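Shown below is the structure under consideration.
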Amino acid sequence: KEEPKKEEGKASEFSVAMVTDVGGIDDKSFNQSAWEGLQKFGEENGLKKGKGGYDYLQSQSDADYATNLNKLVRNDFDLIFGIGFLMPDAITEIAEQKPDNKFAIVDSVVKKPNVASIAFKEHEGSFLVGVVAGLMTKTNKIGFVGGMEIPLIEKFESGFIAGVKAVNPNAKVEVQYAGAFDKADKGKAIASSMYASGIDIIYHAAGATGNGVFSEAIDLKKQDPNKEIWVIGVDRDQYEEGKVPGTDKSVTLTSMVKRVDVAVYDLATKTKNGNFPGGQVVEYGLKEDGVGIAPTTKNNVPEDVLKKVDEWKQKIINGEVKVPTTRAELK
Amino acid sequence: MLHILEIIIPSAIFFAAPLIFTALGGVFSERSGVVNIGLEGLMVIGAFTGVVFNLTFADQFGQLTPWLAMVVAMVVASIFSLMHAVAAISLRADQVVSGVAINFLSLGLSLFLVKMWYGKGQTDQVQVGFDKIDIPILSKIPVIGPIFFSNGYVPSYLAIVLAFVVWYVIYKTPFGLRLRAVGEHPMAADTMGINVTKMRYIAVMLSGALAGIGGSIYATIISRDFSHATISGQGFMALAAMIFGKWHPLGAMGAALFFGFAQSLSIVGQAIPFLKNVPTVYLLILPYALTILALTGFIGRADAPKALGTPYEKGKR
Amino acid sequence: MSENRLTNILVPVFAVILGIIAGAIVMIVSGYDPIAGYSALLYGAFGDRYYIGETIRQVTPYILAGLAVAFAFRTGLFNIGVEGQLIVGWLAAVWVGVAFELPKVIHLPLAIFAAAAAGALWGFIPGFLKARFRVHEVIVTIMMNYIALYVSNEIIRSVLSDQGFKSEKIHPTASLRSEFLQSLTDYSTLHYGIIISLIAAVVMWFLLEKTTTGYELRAVGFNQHASHYAGMNVNRNIILSMVISGAFAGIAGAMEGLGTFENVSVKAGFTGVGFDGIAVALLGGNSAFGIILAAILFGALKVGALEMPSAADVPTELVDIVIALIIFFVASSYLIRLVLTRLKKEGK
Amino acid sequence: MLNIRKVFGNFVANDNITLQLKKGEIHALLGENGAGKSTLMNVLFGLYQPDGGEIRVKGKKVNIVNPNVANDLGIGMVHQHFMLVDTFTVTENIILGSEPTKGGQIDIEKAEQEVRELSERYGLAVDPKAKIADISVGMQQRVEILKTLYRGADILIFDEPTAVLTPQEIQELIQIMKSLVREGKSIILITHKLKEIMEVCDRVTVIRRGKGIGTLNVSETNPNELAALMVGREVHFKTEKQPPKAGKPVLEIENLVVKDSRGVTAVDHLNLTVHAGEIVGIAGVDGNGQTELIEAITGLIKSESGSIRLNGKEIRNLTPRQITETGVGHIPQDRHKHGLVLDFSIGENMVLQTYYKEPYSKRGVLNFKAIYDKARQLIQEFDVRTPDEYTKARALSGGNQQKAIIGREVDRDPDLLIAAQPTRGLDVGAIEFIHKRLIEQRDKGKAVLLVSFELDEIMNVSDRIAVIYEGKIVAIVDPKETTEQELGLLMAGSKRKEAGVSS
């Protein structure tokens, strides 16, 4: 039953699919971004959504990763993405079982000849938003809210703090982890306590937990429109998330965007052209336009600050400044 | 220290409010003799309805939207609770099991609908929420004012007022007397011409209504969208608060506030010097561990309504 | 007698049929094609040997979780804490699997035993509190679930990894995986756990129905006063029941830790298997054999559901609705019984 | 009530029964257990809907669809099992369902005032503010009566009101009933006690197996005729028995002190000896320590001090199992709570204390063949009416459940058999059977300790009567040399001397 389809698929087109983690393709974060990249790739190459074109499967729990990957293998997709740092075990396993298939993993590293690993230099992007925060703070107290305390998020934290300190050594950054990426209530409570203690800018790297940070900031702003409090978004441009109802203002100061879409699109294109970087780690940083600050930053951040940010960006790209990726390096 | 209280107490209150509403619902249901493990699911329905209504009608109703969403969530959840009522009261199902089914069903159904309507795993963020307020006059009281009456949400204060209303209803009105009689000794109530089935239906639907409110204000104030993780355990916390509070409305409110306090402490705790070195895990499990300790008799014995969990069959001895 | 038994079998069968019909109605109302939906589900559960392997893999913890719920239920206790017991069992199994290097004949049983012991400990606490302070086990077990979740997450972070989010992979000597089963099922994650589950089902049946211990446990479950009167140690039996139930749940965790995942990671929420166990036990009529059948049904539904979005565009949540409705219909079996007696009467 | 018919499933509980109640009379309703008395009354009170026949009140056909309608028609019922909410006060129980209100709130003061007035008018002496849990059974019954009066009932139904009362309380109740009739009320009285019918009733309707047998004027009949009508055959009231051949002491209790669940001393330095080959009956008003005494002997609760010896061996505060194995059999007072696991089959219930012993189990594994063989034998021997030994105990009627328990306890052949209220709620036929079995044990040289609130039973069956009052044995009397009046006084706490008998 599968044989004829295989020939048909292989002969005519290149097909690509991805497995999301539990977030789904609209998590306003890397799953959504990845899907946007895949859609762009599909549309540009005239592919249809579904088998033989481009598609995705959403996981209900971590038990589903392997099953979903396997399912895509069985549907003969030429390149299969695993999105998220929870996926490497499943990818490793399936990649071993199916050495003839090509896989790619986002946000993690799998050392297999048929797996390409996509990594981002989140610390570089975080550094830039750290610069914004360091220059914009009025109270010299800045907050960082992490999802889970894992090495990946530590990259955000370290880069951010380094950015703040680079421009404003007097500013204090308070760090708190919510312990989960889907606990808005925790995010809100942390934000509430941070703002109450005089912190005026919070950078969150906490997925849906960050929704709570936005919600608190918006409510405070509604209560007192003159209050100077800000949120820094993550992964995507979160300007919309920060909109204060009844006004045209947003509490989103800036966002550290992680262009998973760029990376996914890029890797798919490479693979289609026969340049699959199997076994390699492909890094996307400021230089590759893989991370950066959101264009909407100009709405709330004055020109001179943006200029400063740009200077730092150049320094990083040039290699003049090396951004730390761990707390140890930060010190 | 005072400053820390100003941080902890307001967030304790807004954490507690959904629990208070839901726990008060639990008081109604269980006082009438119907166990309601389904509070969690009813909160899910409330959260789902509240968010969907808010997203759909925010343009029409403007600032009124969250309030209307709350009312609609209340109505929908109380209709949904009818399933539990029918199973537990009319069909004599095991009440715990029926509650578990409610929890499964509400989550499955609401996520199914979210996927169908929005084509994705969670809704968008609601744009119109409740406003934060400082209560006029009261918030000006020195010391207490900033701690208790500032930076709060209206529904939170409503929850506390409601606890007193429920207390009045249950202990001072004929309805309350009958409700308690039905939960203690349904056959006695029956012989006194009280319609046991009707009373229990009303009680379960009230629990649905209040859990619906609890869920909707949770979603509107705290999570702002609806997904599989929006309500994850709050209903069980409310249940615990109700038991902790000995099936008494004011007790349930007190317990909910206490849980809110523990939760807010577990979050804010990291900023408090002497708690800084305590691993977060201790603060995370604090509410649960305390509930267990409380149940073991720390706060005296709690006597559940006698007929709790037993379906009433006319003429059965 | 036999008529009664027939009803006992017919009730769950009717419940399942009603649940599936209701699911079809939901699909029709929502504008999906129920035939396409259910065919996708069926294909995704049993379509070929790979899917069958995945289904059996899912059935494995379901059987054990169902046994855990049912064992407590049969002895008068409602163990909603299976989820938490499963989590600590999973943790313990992986811990042993990672920390030691031993020959397989020792390592694997030791890891499973550790899981059982951890689950048993987690069951012991509510059992003890019930025996000693008459605290209702439903509430304590719910609380224990959360404590299990947070404590195990913390241990994974600070003991099993260096502030990471998952443990290392267990040593192969502690693994339930097998090349043979994988080759048989085209690289599914099927592992030897299914055999352990089936053995556990037999153990539960024998223990409860055939031994004096089981007699005591059941007696205490039905009537503590009469059991006390008859000279049984009521408190000891309550604790024992929760301990055994917890051990089953712990082993269910071992199935995940030693078979499906071969590691343990920080969880943002519950696995759901423990709660599904309630459904399994209930549909299975709390009997060992019934639980196996119910676990197969629910396992197939869960695994098959994954095929529904891609093949028929139906959200996987449909299956959760169907399962919930099945529980509902079983719980409300009074209605089904009523209909059945009506039918019987008219048949006469 | 004319030609009332009520069917449960295939079972006809009431088969064309007619009962006519005249104004101002006390009308007895008599029948065996399960004859259909309660069912008939529940139909009258609107709890059940009749499948046939009609009810007329003051000549008008009525349709009583629920208790509210019954209340409106002036029909009130005092139920066999009290319908009171323990945690409520007397007043709350009385007003429940028709509460006086003031601005939406219950007007509790007004209600209490009304209850007080009613209570005084009928000489009921009830404290409106007391919690039900804190008042005696007799008082609770008065609350039940007040409930009906509060709703303005003219027709009062009493379902076995005397079963739970002490002789003194029964006398008081009879006075109350008489005063009610004087005030123009009519009463239907259900009772198994023929003596009471003879004493207070004007007419009596007898039903048997759901069928009405007829209505008689009490003044024109006698207990023997009534019993025969009820059962359908001759009944012997006096149990035949040989004089006892008392042997060595089997049970010796000295200075026993037991506290009840609330920590109040319930058994207070009690002394009692029971010999082989005799039946000692314990007479006393409920709540004087009988329950605690028995539970202490059988090990169900711990005692504070003193000594309990069985055949010379100290058994105080051993576990129930150790005590059972020493040779104590116990027919518990509450058969549903202690006596049976209702959801076990009859067979499994038959080995409740012996399941772990051979031949019922070997190396921890049960031998169901042996268990059910034993069950069949006992079912046969003790005439337990059950479809088979696999039937759940729950499905049996009370009398048959009791027979099963007695079979099990007697079969273990204990040296001491404790029977607590063994015939409570049973009909005369079943009572006769159980009394015979107790005497049989005695004649086999066993010691029997009987606790009962029925003075008839105590007088009939015992060889010696020990009167218990406030946790002490206040007197030991010979049933042949005493009267119910004397016993009643002793039970009420008056000293023997005052009763005119030297000790």
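Here the chain labels run A, B, C and D in written order, and each chain numbers its own residues starting at 1.
Assume contacts are C-beta pairs under 8 Å (C-beta built on N, C-alpha and C of every residue); 3 or more make two chains touch, one makes a residue touch a chain.
By chain, with names taken from UniProt: B, C = ABC transporter permease; D = Unspecified monosaccharide ABC transport system ATP-binding protein.
For clarity, every value in this text was computed on a predicted model and none was experimentally measured.
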| query | If you average the Cα atoms per chain, which one ends up farthest from chain C? | reply | D
| request: Could you tell me which pair, A-B or A-C, is linked by more C-beta pairs in contact? | output: A-B
| note | Rounded to the nearest Å, the gap between Cα centres of chain A and chain B is 35
| field | Cα-centroid distance, chain A relative to chain D, in whole angstrom | value | 76
| field | Cα-centroid distance, chain C relative to chain D, in whole angstrom | value | 47
| query | Going by the touch rule set out above, which residues of chain D reach two or more other chains? | reply | none
| remark: Expected list for chain B, residues touching two or more other chains, is 229, 232, 280, 284
| field | Residues of chain C engaged with two or more neighbouring chains | value | 153, 268-269
| Every chain pair meeting the contact rule | A-B, A-C, B-C, B-D, C-D
| request: Name, in rising order, each residue of chain C that touches chain D in their complex. | output: 1, 210-216, 218-219, 222-223, 225-233
| query | Which residues of chain A touch chain C in the complex? | reply | 22, 50-51, 55, 57-58, 60-64, 66-68, 70-71, 74-75, 85-86, 89, 94, 97-98, 148-151, 179-183
| query | Within the complex, which stretch of chain D touches chain B? | reply | 42, 45, 47-48, 66-68, 71, 77, 79, 81-88, 92-93, 95-99, 101, 104-106, 147
| message | Could you list, by residue number, the parts of chain A that touch chain B in their complex? | response | 22-27, 58, 174, 176-179, 182-186, 188-190, 192-194, 196-197, 208, 211-212, 214-215, 218-220, 222-223, 241, 243, 245-246
| request: Sort out for me which residues of chain B touch chain C in the complex. | output: 37, 83, 86-87, 91-94, 96-98, 100-105, 107-109, 111-112, 115-116, 229, 232-233, 236, 239-240, 243, 279-281, 284-285, 288-289, 291-292, 295-297, 304
